[in-house]
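Look for subunit A in each of the two complexes below; its partner is subunit B in the first and subunit C in the second.
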Partner chain A sequence: MVARDSGMLDRGRILGDLALQLGDEELFLGHRDSEWLGLAPEIEEDVAFASMAQDEVRHAAFWYELAETAGMGQADALAFDRPATDRRHAALCARPNGDWAHTVLRHYLYDAWDAVRLMALAEAGEETVAQGARRMLREEHYHHLHMEKWVVDLGRAGGEAGQRLLKAFQALLPDLPHLAAFAVDPQALVDLGILARPLPDLRREFVARISPTLAKAGLPVHPVEAALAAQPEDRARSVAPLADAEELLSTMNGVRSLGAAAW
Partner chain B sequence: MPDARMEEFMARIERGDKIEAHDWMPEDYRLLLLRLIHMHAVSEIMGAYPEKEWVPKAPTLRRKMSLAAKVQDEIGHGQLLLRVAEDLAAPLGRHRVDLMDDVITGRVKFHNVFHMEAPTWADAGIIGWLVDGAAIITQTALLDCSYAPYARVLKRICAEESFHMQHGESIILSLAEGEPWQREMLQEALNRWWEAILFFFGPPVVTDAARRMMEYRIRSRTNEELRQKFLTRYVPRIRAVGLEIPDSALRYDDEAGLWRYTEPDWERLSRMVRDNTGPKSQERISLRRRAHQDQAWVREALLRARAAAAV
Partner chain C sequence: MSTRPLSEEAVWQALARVPDPELPVVSVIDLGMVKSVAVDERGARVELIPTFLGCPALGWIAEKVRAALAEEGLHAEVDFALDVVWEPSRITPEGIAKLRQMGVAVPARRDRAPVACPYCGAHDTEIESLFGPTPCRAVYYCRACRQPFEAMKP
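== the complex of A and B ==
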């Protein structure tokens, strides 16, 4: 209740902070996706995956531009120049790439949560956010179909693929409570009319959304429910581990760090 | 005894007819086309590597999106061309997986420019501006190719390459108009790429294979004609942005109506392509190996999943 009764109901700032969170997540995951360029298991998948990476970066640009409008700084500076300690992303988005099973399962889980979150943003009354969210949902629909197919296919194939998928599931599980959360007080988002439903409702929608897919892929849903229940994250969540973001940012700033210049 | 099918085929070619994948064609025509298109496909895919490493490092959100889109296009071109090559290869009992294995075993070659280093952001710009600019020239010259499936795919490829060239030009202009150290980085990148770009069009001698491709109307211009066209188009543009072309012998010979230039080291650069001994040849082939061989388990899993779903 801290946010509601301490004079912090600064709508613009909360909106700006939310935009930075969503921007950081989309940018970091888009960055990890782009590391797969030229390396996907089949040429056709390379093209499809590259397309999704671009969507993520374009979504990031939308959120950073929104933060710019909220007076938080210039969009590129927000995207590139903020240190790891100031980032608001979910830990899962910055994790280094694993094998293809880890990549598609991470993406599937992120997209599923993102869709739930975007629907709750689209249904609320904040028009700029809702418009962006609606547009992203149209694209995320295809990401979701694509990633869902991969997860189910790898699970159904069994053998080495099934084992790799299970290993990826176990590795990703501890990051899910941090993903299904917000870097700002989620109740304040609801009170301000930015988010249509409270976090516990969104988490239930998330579990309902992924359950049939996990079942088809032969993965259990119970550990997800247990992990989420153990970490309710009902306040603004903590900063993600710094090492992953620091490594990612040092690559991302490989050109920009050469000096102040127009690029 | 003259082969009637061959005579009819050549009559079609000379009339300007287009050959389709299911039409009868002489073995020689099929093999020449397959070699050309297979190398073109693989070059598009290998061409993704020098630039892909700059996508995670691109310095603004816009640059990141446009470079990612460009690399995606190149891989997409590879995919389109592989489909054309697959149709030509199928009667020979060779399939997609064989065409890709050939990269790793060194059986298919890829363009010299993709064996080179791209150590700075300016290289990413030069590749878009000049390498794609050179590719537009060689590829538009093939638009009237007698093999219709290749000509159709090239039409789309050329349209996209012209965006790539503009994308490269945009990076170049920012650097050329930027800080002194940015201009220096750009000049160094041009110095690095110039010889390789001239070589890209191939040696001036008309080889036996090139002569036969002209007879079959697969191609209609010589390497030297295409290189001259590139110089006419790009020398003024390069000078207009204030860059110096690293060739003191470069001049336009009014009398002959030709550009004179210092010849690339044909022997050294040919060997690099033939033996995969360029500065980055092995590293890039090993990236391809990582994508193709190390992930064979994914493709096998898809086949098993499909079989399981069909039950």
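== the complex of A and C ==
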């Protein structure tokens, strides 16, 4: 009986930690998306990034609400008031936007990993998580298609576009093992029936998913495989470097931190 | 306000008067957003399916549903159901016809095949951008009549 109770506690705690990770990642990337408003290279991209930012921030809200249900605290406080040291995001999600090539390649790689991860959550038995994941898969599908087209177009264009894409690829490569990982023990997620497949399987699916696109864009896939193999991340991953998240949080909370406003 | 018994049929009729704020020609029923309606002595319970989780109109729509039923003297609880994923295939034939009249096409289920232009009916169309003025809409172009138009996301 005692063992079973502690098992239940672990499950709630792990679900809460997973929800915080997914919330932090969607909120941070959604914030970076919103930074293109008024600055994107064409009006369609202004609209696209506004729309994607809206999707990501609402997905973040779903995960923070789930974390609240798991007893982690009030959803808005979890979203805005946790310092960089308490965040669970993948380093890649908080990186500054950089140029357009960096922006679309980063988003593409995140969307590809997110699709693999969401499918494994949707196929597992944790009903609330699975329902949310199924909804998000439909919505994220459009982000994925959009970014995939941009990556291939930039790669095929060659010249300066191709050079910038390659530079972005080299800059993002070291962040991929941290992205394709979890802020909680991934095997515990599988054992508790929250995740349908173990992390090594998800990483293989990720590589299989991005390989044809990278090939079309003229980017090599073997450095991705080598980077992932060198850092298996088979335990809960470490906290992302603080500087990016601190800068992001200070901008995002600029108005909220004035404190006097009634929301 | 006195409450009187209201049939489920009357609740559906009231919901047919709740428009989408961005596409006011169609109701929440036309859009296939109503999952279920239940009525008992305490009032009505309406389950809606969000088109997109991030749609900023969801709160507004829930408020309008409550107001439409309050006009009928019925207290209503409105919930958003997550166990059903909304797709354009949920839009009713009436909804599709009304949307077409205002220049918004409705593509077939999860299909990237060319949709018919709502203005000239040609299928010589292409997606211009997957992202339109609201989360649920994309921007298309008709090469036959050279008109941009909108469609619900495929």
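Quick note on the criterion: the second predicted complex is superposed on the first by the 251 of 263 C-alpha atoms of A that agree within 3 Å, B and C clash if a C-alpha of one lies under 4 Å from a C-alpha of the other, contacts with A are read in each partner's own complex, and residues count from 1 in each chain.
Everything that follows uses one rule, which is that a residue touches a chain if its C-beta (ideal position, glycine included) is under 8 Å from a C-beta of that chain, and two chains touch if they have at least 3 such contacts.
Note that the structure is a prediction, hence the values are computed from the model and not measured.
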Review point. Are subunit B and subunit C a fit on subunit A, or do they clash, once the structures share the same frame?
Key: fit
Point to revise | Partner chain(s) touched by A:Glu139 [first = subunit B, second = subunit C, both, neither] | key: second
Check your understanding: After lining up the shared chain so the two structures overlap, which partner does A:Trp63 touch, if you call subunit B first and subunit C second: first, second, both or neither?
Key -> neither
Practice item. Tell me which partner A:Leu39 touches in the superposition: subunit B (first), subunit C (second), both or neither. Key: first
Practice item. May I ask you to decide whether A:Tyr108 touches subunit B, subunit C, both, or neither, giving the answer as first, second, both or neither? Key: neither
Practice item. Would you check which partner chain A:Ala75 touches, where first means subunit B only, second means subunit C only, and both and neither mean what they say? Key: first
**Study point:** subunit A residues touched by each partner, larger count belonging to subunit B or subunit C
**Key:** B
Review point. Just subunit B (first), just subunit C (second), both, or neither: which does A:Gln131 touch?
Key: second
Point to revise | Touching partner for A:Met52 - first (subunit B), second (subunit C), both, neither | key: second
Practice item. With the two complexes superposed on chain A, say which partner A:Phe182 touches: subunit B (first), subunit C (second), both, or neither. Key: neither
Check your understanding: Angle subunit B-subunit A-subunit C between C-alpha centres, in steps of 10 degrees?
Key -> 50
Exercise for review: Classify the contacts of A:Phe28 with the two partner chains as first (subunit B alone), second (subunit C alone), both, or neither.
Suggested key: neither
Point to revise | Shortest CA-CA distance in Å separating subunit B from subunit C in the superposed model | key: 6
Review point. So which bits of subunit A does subunit B touch that subunit C touches too?
Key: 44, 47, 50-51, 54, 57-58
Point to revise | Residue numbers on subunit A that touch subunit B, as the complex places them | key: 27, 31, 34-35, 37-44, 46-47, 50-51, 53-54, 57-58, 60-61, 64, 75-76, 79-80, 100, 152-154, 156-161, 164, 251-256, 258-259, 261-263
Study note, to complete from the structure: Contacts from subunit B onto subunit A in the complex sit at residues 45, 48-49, 52, 54-65, 68-69, 71-72, 75-76, 78-79, 82, 100, 121, 174, 177-179, 181-182, 287-288, 290-291, 295, 297-302, 304-306, 308-309
Point to revise | Contact set on subunit C toward subunit A in their complex | key: 50, 52-54, 56, 82-83, 85, 87, 128-133, 135, 138-139, 153
Study note, to complete from the structure: So, in the complex, the side of subunit A touching subunit C is made of residues 44, 47-48, 50-52, 54-59, 62, 128, 131-132, 134-136, 138-139, 142, 145-146
